[in-house]
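The structures considered in this document are given below.
Two complexes, one shared chain (subunit A), two partners (subunit B, subunit C).
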Partner chain A sequence: MAIITVDGLSIETEPGRNLLSVCLENDIYIPHLCFMEWLDPPHASCRLCYVEVEGKAGPVPSCTVSVASGMAVKTDTVEVRSLQRTALKFFLSAHKVECKVCPANRQCPLQEMAKFLKVPLKSKDLNPRLKEKDLEALQPCFEYYPNRCVLCGKCLHTCERVKGQSLLTFAGRGIDMTVSFYGGLPNEEISCEECAECAAVCPVKAILLVTG
Partner chain B sequence: MSSPETIRQRFAEIAEKAGTEKAAAAGRTVPKIHIGMATCGIASGALETKAAFEEAVAAQGLEAEIHPVGCIGHCYAEPWVIIDYPESGFPPIFYHEVTPGKAKMLTKLFLAEGDPRFEHVYGATVENEMIPSVTEFPRFNKEKRLVMEKCGKIDPERIEEYIAEGGYGGFAQALEGSPDAVIDTIEDARLRGRGGAGFPTGRKWRLAREAQGEEKVVICNADEGDPGAYMDRTLLESNPHQALEGLAICAYAVGAQKAVFYVRAEYPLAVKIITQAIEQAKEAGLLGEKILGSDFSLEVEVFQGSGAFVCGEETALIRSMEGHRGMPIHRPPYPSEKGLGGKPTVINNVKTLATVPPIIEKGADWFKSIGTENSPGTAIFSVVGDVNHPGLVEIPTGVTLRSLIFEVCGGIAKKKKFKAVQIGGPSGGCLPEEFLDTPIDFDSLIQAGAMMGSGGMVVMDEDTCVADVSRFFLDFTQKESCGKCTFCRIGTHHLLEILERITEGEGKEGDAEQLELLSREIVKGSLCGLGRTAPNPVLTSLQYFKEDYDAHIHEKRCPGMMCRPLIAFYIDLEKCARGCDACVGVCPVDAVFTTRTRKKGIDQELCVKCGECVVACPPEYDAVKKVSPPHLAPVIERPPETRTESKKESS
Partner chain C sequence: MDETIQAQEAAILEDIGEQLKDYDQNRGSLIPILQMIQQRHQYLPPDSIRKVAEHMEIPSSEVYGVATFYNQFRFHPPGKNPIKVCLGTACHVRAADVILENFERKLGIKEGQTSDDREFSLERVACVGCCALAPVAVVGETIHGHMAPSKVEGLLMRIQIHKEMAEREKEKEKNEQS
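And now, the complex of A and B:
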């Protein structure tokens, strides 16, 4: 057993476990988007789950930290919050904020984090940068909304887990990056239509299954 | 079997063979023409020069040996040749900018008639009493070459020439001792990685040696991708064996059975030469199974990278070799623990590995006697931009920027004033004049806000806009961002957007502050080195050239007069020569018109600010002027008839 302190609270857990998981289980909220507990190494791309760990220089993403006994963690420092707010502002500047017509409305992590971090959904100081197309068809049976997508990679990793190899991939670079589809595998056991795990796991409903 | 004696003996046989050949070549009295034939030489016309020599030699019925060699780093002199003609009574002579015409002339007059044509001589390569020697120039005598020592002397396509110059001696020596002894020497030498970050090489090797795993891999990183940097390419093209020898020593030290050269596919000549070098080393028994009778075996292969800048980052490099998208992954675990295919992996830059053989051969104390205490050895820079003698330079660390720019590289071109120097490429910083006395080493440069980086150095004169330079580098990093993490993907885009706004004269109050704020967050928040260093050009230029940003934002003025929307060209009527038409023809948009006094004026509405008229105006008049902000240009009425005329012509 390892005992760590998070924001002064003492937590008993197994050594080697993922710090973000441990915090979330103990009702200590840390903003995050791309984290999937079973994924090793962690994707660590959203850069939201920053915390400060005593003895480490500067904030570190908590999803990349393994718990060790005696670890002292702070989740609510000025530097951590500042990084989280900036990251969220960046996300929102590349996100079409149309909550009313969005199927993720009220279950959207962006809304939740904006509320928690007190960040306005429409930023005043960053100009929005959206992609040209609002909607793309992903073969064979999905609709993809590039301007909703937060590129957390959950769909890719889930697909790889289910099918052994991901049928989805990141495409393009930099600000133009999107999620794209290779097309179905020949003779697959479960078709994409039956599976649709990628759509289910998407936190912002950027992938939707088209039925009928 | 694997006794040190066997290794020594086997290597002595190889070295002797190469030595005999060299002695035989030296004994021949026919003139030798050495031509620099790396990519840079070829781009400047070395192939044509070589063909011209061959043709002329044949036509004159002469006998001469044409010896293709690599690059010596003197870009300003390309294509260059050294003619070694002992019978003429002259020492070997260095000629610069040898066009095919000059080649034919030299063949006829020097090789056939014995006249070296003093007016074309750059200098003799050795000191003598007849002609001034190049060693009198700072470009030649301030340098200290360990890594580039053999570049430009040997034919990179022939392993014998490398061995004859002492090559692979370090490797043989390493094999005679234990792998730990090699790491001890490298640690003791305090060698730091030349790829940019300056991590202690010995420690990296030790970590990999001690890491768990039967199989280990070493990789030579030649994925050089900074704009204006070409050190790694030149080294591989000019002396591939030195890096290969370093890689083999590294593999022996960490216990790897496999080694890889990761070379970008855009370097076709380097790929060809290094592939050939590996084959030759294998044939010579210096690679492959049980090398030189020892128990050590090594397979080396070449992997061609697809040219993404981010793949220079070690985790992205490994991902791309595994067939994935070149995206970095979070470290730790570091590759030395878990790298290619999960195996412990050492990744070193070409320059780091090429520094290894001389250290093993001459010892750690010798290495530490060169350069500064904490960054011993040499630094290689590709110095480009507004200097008289651009090129590849190898200097001992601790030399000041001033000495490098003003002595070794001949100072600022066109008698302009120095403004700034960008060190370390897109990840580095932009330093002003106050920092010219900074010694060049890892720690001093980081302290100043720049970094050694991989060794790109852009020197800029007074006509440079640092805001525009920052915009250029951000445009690069923003495009090269893999898109994985938020700060780099979206953050660098916002930085670029603000910089574009500023350089287009649309800068707003608070833009400079916003730039700084976002930059600091991107440095802290990004996943890999690309994002964490991308804002450096912005941060340093904001720190040292804040007044330039302020001028753009508040006065709509570009002090370097580079940002087109913020400048205007006009013709000084006092200086303009009546009846001269030099500027009229070059204007692509017919903006230049003739005034009633038969002098010229520029139609500001039509002018696209290309600057061609400045170039065309004869220097004795020097009548075309540039101003910023544009409204400072005096208004010269365009006579209505010239307007219709030009419109008629253009339609």
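And now, the complex of A and C:
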């Protein structure tokens, strides 16, 4: 057993476990978007789950830290919050904020984080960087909303986990990056329509299954 | 026309299949393979992506992801009249974006694409090296300086007329021979 201190609270846990999931289990909220417990190594691309660990030079993404005995962690420092706010503002600048018509309304991690970090959903700090198309058909039975997508990669990793190989991929680069399908897999055991795990795992409902 | 395009694509695929024998399935071979295809055929046809994926035994989505990441890879065949619109600093200042958009409208394609009949392809380039002539468009090998949005139509018209004249000429020769 290892005992760690998070914001002054001591927590008993197994050594080697993921710091972010330990914190979340103990009701210590750390903003996060791309984290999936079973994914090793973690995707670690959202740059939101920063914490300060005593002995380390700067804030580190907590999803990449393994718990060790005697670790002292701070989740609420000025530097951490500033990094998180900036990251969230970047996400929101590339996100079409239309909560009223969005199926993710009220269960959206962006809304939750904005409330927690006190960042307005429609910030004027950064120029909006929306993509041209609001809706794309995604083979064979999905709809994809590029301007909702936060590019967390959860759909890709889930697809790979379910099917062994991912049918989804990141296409393009930089601000033009989207999630895209290309071709199929030979001898598919489960069809996309039956599986639809990518749509289920999407935190912002950017992938929707088209039924009927 | 469609048949010749199909025949061309089939020939390209056959050639790729032949060339792929020289490459192993190592992950590191993927980009060299894509570069080889582009060098031999000037673009990556959709079927070639599937073929490469089969050869490497990786999902075609992964090949597509890699190919779209790099700007050097094209997905559209070059047109017979490749049009390059310069958007370098000097041309940009003289509203080259308006010229590019007018080409897009008149040809009905977006920058980076090729028209369905493969007559025209449209590209933006960073600098052609004759900034004194800004704004500049390059059609084939010919440089057109001091471009204006209104000159776009004339340029396309000229190419169309040249093409029709050549066709008439051919027809005439055929008739004379027979």
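Heads up, the rule we're going with is that the second predicted complex is superposed on the first by the 211 of 212 C-alpha atoms of A that agree within 3 Å, B and C clash if a C-alpha of one lies under 4 Å from a C-alpha of the other, contacts with A are read in each partner's own complex, and residues count from 1 in each chain.
Everything that follows uses one rule, which is that a residue touches a chain if its C-beta (ideal position, glycine included) is under 8 Å from a C-beta of that chain, and two chains touch if they have at least 3 such contacts.
Computed from a predicted structure; not experimentally measured.
> Return first, second, both or neither, reflecting whether A:203 touches subunit B, subunit C, both chains, or no partner chain.
After superposition on chain A, A:203 lies in contact with neither partner.
> For A:180 in the superposed arrangement: first (subunit B), second (subunit C), both or neither?
Only subunit C; A:180 stays clear of subunit B.
> So in the superposed three-chain picture, is A:42 touching just subunit B, just subunit C, both, or none of them (first/second/both/neither)?
Touch status of A:42: first partner only.
> Spot which of subunit B and subunit C makes contact with more residues of subunit A, would you?
Touching more residues of subunit A than the other partner does is B.
> For A:172 in the superposed arrangement: first (subunit B), second (subunit C), both or neither?
both
> Just checking: does A:151 make contact with subunit B only, subunit C only, both, or neither of them? Give me first, second, both or neither.
In the superposition, A:151 touches subunit B alone.
> Quick check on the superposed pair: does A:31 touch subunit B, subunit C, both, or neither? Answer first, second, both or neither.
In the superposition, A:31 contacts neither subunit B nor subunit C.
> Which residues of subunit A are in contact with subunit B in one complex and with subunit C in the other?
169-170, 172-173
> Taking the touch rule as given, give the residues of subunit A at its contact with subunit C in the complex, in rising order.
Touching subunit C: residues 165-173, 180-183, 185 of subunit A.
> Show which residues of subunit B lie in contact with subunit A when the two form their complex.
It is residues 308, 325, 327, 329-330, 333, 478-487, 489-494, 497, 514, 518, 521, 524-527 of subunit B that touch subunit A.
> Any idea which subunit C residues touch subunit A in the complex?
49-50, 53, 58-65, 68-69, 71
> Considering the complex alone, what residue numbers of subunit A touch subunit B?
Touching subunit B from subunit A are residues 41-42, 44-48, 50, 58-59, 61, 64, 79, 82-83, 86-87, 90-91, 93-94, 125-127, 129, 151, 169-170, 172-177.
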